[in-house]
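Following are the structures in question.
Here chain A shows up in two complexes: once beside chain B, once beside chain C.
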Partner chain A sequence: MLRDEIKEIMEELRPDLDMETETDLIDRGTLDSFDIISLVSELNDAFDIHISVEDLVPENLNTLDAMVQLVERHQQED
Partner chain B sequence: MSVCLTDYLENSARRFADKPALTENGGVVCTYRELRDAARRAAAALARQNVQGTVLVMAGRSIQAVQAILAVLYAGAAYAPLDPTSPPARLRDICAALDKPPVLCTRQQLARCPALTELCGQVLVWEELIESAPDDALLENRRQSVRPDQTLCVMFTSGSTGVPKGVVKTHAAMDAFETAFISQFSLTDRANWGNQSPFYFDASAKELYSVLRTGATMHILSTGLFSQPLELVRTLNALQIDTISWVPSALCILSRMDVFSVEKPAFLQRIFFVGEVFPIEHFRIWQAALPDVAFTNLYGPTETAGIGCWYTVPAAFSGQVLPIGGPLPGVTVQLRDENGRIIEQPDVQGEIWLGGETLAKEYLNDPERTARMFVSENGMRFYRTGDLAGRDGQGLLVFRSRADHQIKHMGHRIELGEIEARAGAFPGVDRCCCVHDTAKERLILFYQGAAPMKELYIYLRRELPRYMVPARLVPCEMLPCNANGKLDRPAMTKRAEEL
Partner chain C sequence: MLFTSFRFAAFFALVLTVYYLLPGRRQWQWLLAANFAFYFIGSLRLAGWLFMSILTVWAGGLALAALDKKAAEQTKGLDRQAKKAMRAGFTRRKKGVLALVLLINFGALAVMKYAGWVFSLLQKLGAGVGIWSLAMPLGVSFYTFQAAGYLIDVYRGKYPAQNNPARFALFASFFPQMIQGPISRYDQLANQLFATHRPDPQQLLFGFQRILWGVFKKLVVADRLAPLVQNLLASPTIDQAGSVYLAGLVLYAFQLYADFSGGIDVTIGCAQMLGIRVTENFHRPFFSKSVDEYWRRWHITLGSWFRDYLFYPLALSAPMARLGRLCKGVFGPAYGKKIPIYAATMGVWAVTGLWHGSSARYLLWGLCNGGVIVLSMLLEPWYQKARQRLGIRSESTVWRLFQVVRTFGLLCLLRVFDNAYTTGNAFAILGRIFTRFEPAALLDGTLLQLGVTAQGFFTAGLGVCVMLCVSLAQRHGSVRGQIARRGPALQGAVCLLLALASLLFGAYGVGYNAAQFIYFSF
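Let's turn to the complex of A and B:
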């Protein structure tokens, strides 16, 4: 499932976070710029999508569910 | 009277009293007059409490951090800036190296880190200091006491044994650097700087003192902006930022995300990059997007004030590696062979030795290392950088590699041995090896032993600064060794690239 795959990517990137309970990942600075860049490149590779710079706003990355929606949107559009 | 860097602020506060010296988050402004007043108020309180020696300053990305640094200098003391989000182990090591220093922090920082009370000799709370009365006579007295070789700051850098080492720099060295730097690049009060380097990072000093001396404005960019590249570019434009000095890792965030196809920084005129090699494919994206901007590569280890060498990249540059160029005025740069002899031939590689007035004074409490790394010859002091370089066809210096296991990652210099020493201290890590995957710009730690990966990661986040925490932890049955039983680093580097 898409959600599990994204969760797995995040767990590899940040083993210290429990993605089921984390919120405001960007707004609180839990994910820093280097996490974001790694995450985007992992998501692009894993789902063959192209996340653009305009997608990098807190609404799209603050929670696991927001990330799932972002990837789903791209899978439909790309 | 010998030089003191608070003179920069004194002069600029006279010339540009109501001009913004610093801004924060786009909105909060601190004029030169306000900066001077806040620093001098707090300094008077420090002087009355007889604060001396080196003060640990919790220095985040804020106007307050600059005010605190200057307060310490006005009080005639030196500062050691520290990331307020430092892991506890780092704080403990640095406090031990400084032998229970006084610490200057905000109320909030103290609440977040109560251990400061135990680790430091004297806890100086910013909000209390700035409430006290100014005392011009007392500060004048402190100003007069500043000696030519007075310590300005102690900057901590990664140490291969697992303990960070302190580099002691003087007012005179930083002043010699700023004189050369400002004149070389014709920096003036009209510059609008966009600050990326936090004030606990060595690279920020050259920028901060340039701004204060020329009377320019520094806009402190918040960390969060670097997670939102488009917002970052819009902020640069809204603030009309024309000068930046960033680490290539930060510049690469913009080029990697292709932000220029949506919006370009419209006001930039000069980009300095410093701290690590700028990957050429990313440099070309920047240069193509901003053809009228001057791009200058700066090179200098923590053991000098500011930088030693520079190279402004011509529009027609077609090489594969950006040279580090040649020395700033007043700096001597030489290539030496293994026996310390000067290399004259153009095509022979050697170690970079830097000499001149801008060198650091010493390593903190480490005369043996100081004597080994800082050598005097015919009345000139040299620092042996450990950086291996050659000269290209035009005689420009080109960095090739390190003579040891020191690497550059996210603009920070890191001893892989420090990461290995920390990881090796974790129960269930029998042996480990950290390698730098330069292609993906990440650190990978291979380890042997029963330690669970998640616990090891959490431990390393607590022990090491963020930029030293490996991106991947890879448990192994057995680490590869060469015929002599030593860790086979090349084999592991290759494996890291395949992950």
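Let's turn to the complex of A and C:
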């Protein structure tokens, strides 16, 4: 399932975070720029999509659900 | 017009008074008039530059919006493949517009910033060229970054382009922040500039306190220490003991912070008195536990500008993706993913270094900072293992204190490239620190022969202590808020103390003109 795969990627990237409870990952600065680029590279590779720099806004990356929606949108568009 | 001059105080008092006497719909127009008056009084060259830049960026924004509109109209009713192909065509045209406008603005900035350096380099290499250089209008790179950020955001579809050239001009030229930032984003600043503002006593008082705090930092700390930094670190001759240079680098850290953050305090205070909230540019940087963290807390708006408009596009670019694939094959999947991030980090730091100045030492400064950040990321797993073996808890006060002192020390050493007379001198100073430290030189009176008297050291030292105490108090929220909760008597006393301290203990140059702000020249 897409959600579980993204959660697994995040857990590998930042084992200190509980993705089910985390909100405002970007707004609060929990994910730094290196985390964000690592995450996007992983998502692009894992789902064969192309998340671009225009997508790097808080509303797309603040929560696990937002990340799922971002990937789903790209799967439909790309 | 210097922020700490009486001329600026008179100018701002006039702007503020008329601003609140005017009806709301006229306030933004008055601010625009004040902006142009500020630039015309300050520098005609800057006014000319501003006009060119406002015109090109505003027109570029409209061209991007027109292309977006056309793309939406022409892709209506098309199937998915045709829509994709059509959109790709429009994206190429948008990229062309963006590149052209950025090239005009950054190209002109680069010519002014680096022409002299390139020509002198060519002359040194034996080419028969004369020295040709242009003095850069002061503060112009902050303005260019802000305008470029707007255009890139419009390109990315973050918000619609501003149709009204006068309104765009106001955003692009808001006078309090043009000298040395902060670099504001259009979606955070523009609507505030166009809104109606009525005088709010608390905002007026808080803004005034912030201005006084900035003036105090600039005059009592930065300008007091300036002669020592100039005579010691920026001197063409290297003839002091390493301990004296290290002391100079520590004092330079405080001077630079007091100078730059003091100017930003004045900016934020002026904006607050006008009812406008400008982004903070510092967040207690000297309490950072790593170099990476420090750069997220120092000159925050420039750092976030480089992150959003340079680091992200570079790290996600096709060449970096190719580098990642190549490295995966050579170093394995773990490093294959990380190396493009390291490469993008170094690229951004090289640009940051060159932004600071047209000299090899600035490039070296940038690369050293980037190198330390990359090395820290590479060595992080070993740090953790070593800490665990030694039984040190990452949250223990002693460990955190060690991290803060280590980061501060490291940054002091790196800053030698930012201030030394030449690159060679920077290495010579570092050489002295590590090979001829001679701690006794700190007590033999050498420091008192470098342009700062014992009273000057005492005053600046007290000022630094106050700055650090305020930074510590900021952990519990706004210091002005904490003071306000204790009543108006304390608020008044603080204002009076800051004003008196600046008047009595501030350093003034010839004709009572304070020294220029350091970041003004970037």
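The rule is simple: the second predicted complex is superposed on the first by the 78 of 78 C-alpha atoms of A that agree within 3 Å, B and C clash if a C-alpha of one lies under 4 Å from a C-alpha of the other, contacts with A are read in each partner's own complex, and residues count from 1 in each chain.
Convention: a contact is a pair of C-beta atoms (placed from the backbone, for glycine too) under 8 Å apart; a residue touches a chain by one contact, two chains touch by 3 or more.
Quick caveat: nothing in here was measured; it's all calculated off a predicted structure.
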Partner, of chain C and chain B, that touches more residues belonging to chain A
B
Tell me the contact category for A:33 with respect to chain B and chain C: first, second, both or neither.
both
Have a look at where A:68 lands relative to chain B and chain C in the superposition and call it first, second, both or neither.
neither
Under the stated touch criterion, which partner chain does A:46 make contact with: chain B (first), chain C (second), both, or neither?
neither
Which superposed partner A:12 touches (first chain B, second chain C, both, neither):
first
After superposition on the shared chain, which partner residues are touched by A:54: those of chain B (first), chain C (second), both, or neither?
both
Do any residues of chain A touch both chain B and chain C, and if so, which are they?
29, 32-34, 36-38, 40-41, 52-54, 56-57
Residues of chain A touching chain B in the complex
12-13, 15-16, 26, 29, 31-34, 36-38, 40-41, 52-54, 56-58
If we count contacts the way the header does, which residues on chain A are in touch with chain C in the complex?
29, 32-34, 36-38, 40-42, 51-54, 56-57
Any idea which chain B residues touch chain A in the complex?
223-224, 226-231, 249-250, 253, 256-259, 262, 410, 442, 453-454, 457-458, 461, 466, 471-473
What residues on chain C touch chain A, complex-wise?
156-158, 292, 296, 307-308, 311-313, 315-316, 324, 337-338, 340-341, 344-345, 377
